[in-house]
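Chain IDs A, B, C and D follow the sequence of writing; residue 1 opens each chain.
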């Protein structure tokens, strides 16, 4: 199978909701980066996180196996710096082979959950 | 009418919510793949589902009639293997004629529903 | 200002929620087609609606003034045929000058509202 | 880092929910324009807002620092004219260097929040 997608994906609208209600971890508020690698070799991925008042953080290194998805919560980006909750951020995904990237939010700050999702902006760059 | 769209669509952010509240089937939690074939001949579609820890599953074969939509719940992908609930997945739609594909989620794990939707990533491949 | 956008937009995931709770019309469940015409002449728009078990319905004729938005509820598509509630549909927007099209859902079938939105698939065709 | 994205972004589906419930400002209903500038020089941005029954308003001038995100609530677009709540609008983002733009809604008109988001339509124009 061809590796479908693009090597660079950009999201500008990140913000991990700072609080949660409901049972953990199922209902923990989150921004989740969802990557799919349809190709036949593993994808090496670097994520850079951009903030309003600070220099970018990263790269956070991830691997997506051949013919695999990988869904990772942004608050699990710990090394080199933990991404704080409740702040505006954006992120750039750079992969050494084409992937597809979606960013999904679960917001349980109030008792009843809310969800949203979008594909990223795919760039050749 | 021309067949609008693309022959390949990719989604990376699938996860069928594992539980539901409310009256079935109206409020059953679901990921729903929404296909539109604007063309004048039927579309033969194959869906491949990708997981985090397993080889891809499929192809699941669907048909979308000429000048028709077809909305199918991902948990109705049974043969060759049922797609499990509550696990991260991605999917690739391959059609023999151009279609348009959107993935919509209804999440009723809590008493009040949440919804999200996105177009897929359209690929020429 | 240039007319930004495309002349053809496609959505595959329509379904007007069949019931509502809360005060009308503010909280009436709806699918809303949102058009923006940034150009300096009026846009003549034809919408065709596709179903699962019937031939397409339309064209529904709309006008979007120069430098104007127009947000219209799909259940206001009456002539030549009313679009029924609670059924799967898709739609194609054909404009005589470029526009941008987004489809937004408000779902108040349960007491607390849910929302979703997506851009359409832009086609040159 | 290259400046990723496009110089022009378009959204057709704006509408700031007119009322809110819950603690301010965290749960104040909003449409939020989310911009990311990955480049090494500041981005000068002009936003024009389009309405159903009036001439466009703007330009609203924003700056997005080099390697920074900027998330701004549409109801903070005050000068030259405040964008009213509860009305349909669209907007065009024009930047002097490429950026990425997403529009996110938080709707707390009812007691439990709802969220939605979409990338804009990227134009070279």
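The rule is simple: contacts are C-beta pairs under 8 Å (C-beta built on N, C-alpha and C of every residue); 3 or more make two chains touch, one makes a residue touch a chain.
Keep in mind the model is a prediction, meaning the values are calculated, not measured.
Because chain B and chain C carry the same sequence, their contact can be compared by residue number, and under half of the numbers here are used by both. Just one of A-C, B-D or A-D has an interface built like that of A-B, with over half of its contact pairs in common by residue number: A-D. Each chain gets one centre point, the mean of its Cα atoms, and the points for chain B and chain C are 21 Å apart. Work out the mean CA point of chain B and of chain D, and you get 30 Å between them. Residues of chain D found to touch two or more other chains are 111-112, 114-119. The part of chain B that touches chain C in the complex is made up of residues 1-2, 4-5, 22, 26-27, 32, 34-36, 38, 67-71, 99-104, 111-119, 122. Looking at the complex, you find that chain C touches chain B at residues 8, 10-15, 48, 50-53, 55-56, 88-90, 92, 105, 107, 109-112, 114-121, 123, 125.
Those residues of chain C whose C-beta lies close enough to touch chain A in the complex are 112, 114, 116, 118.
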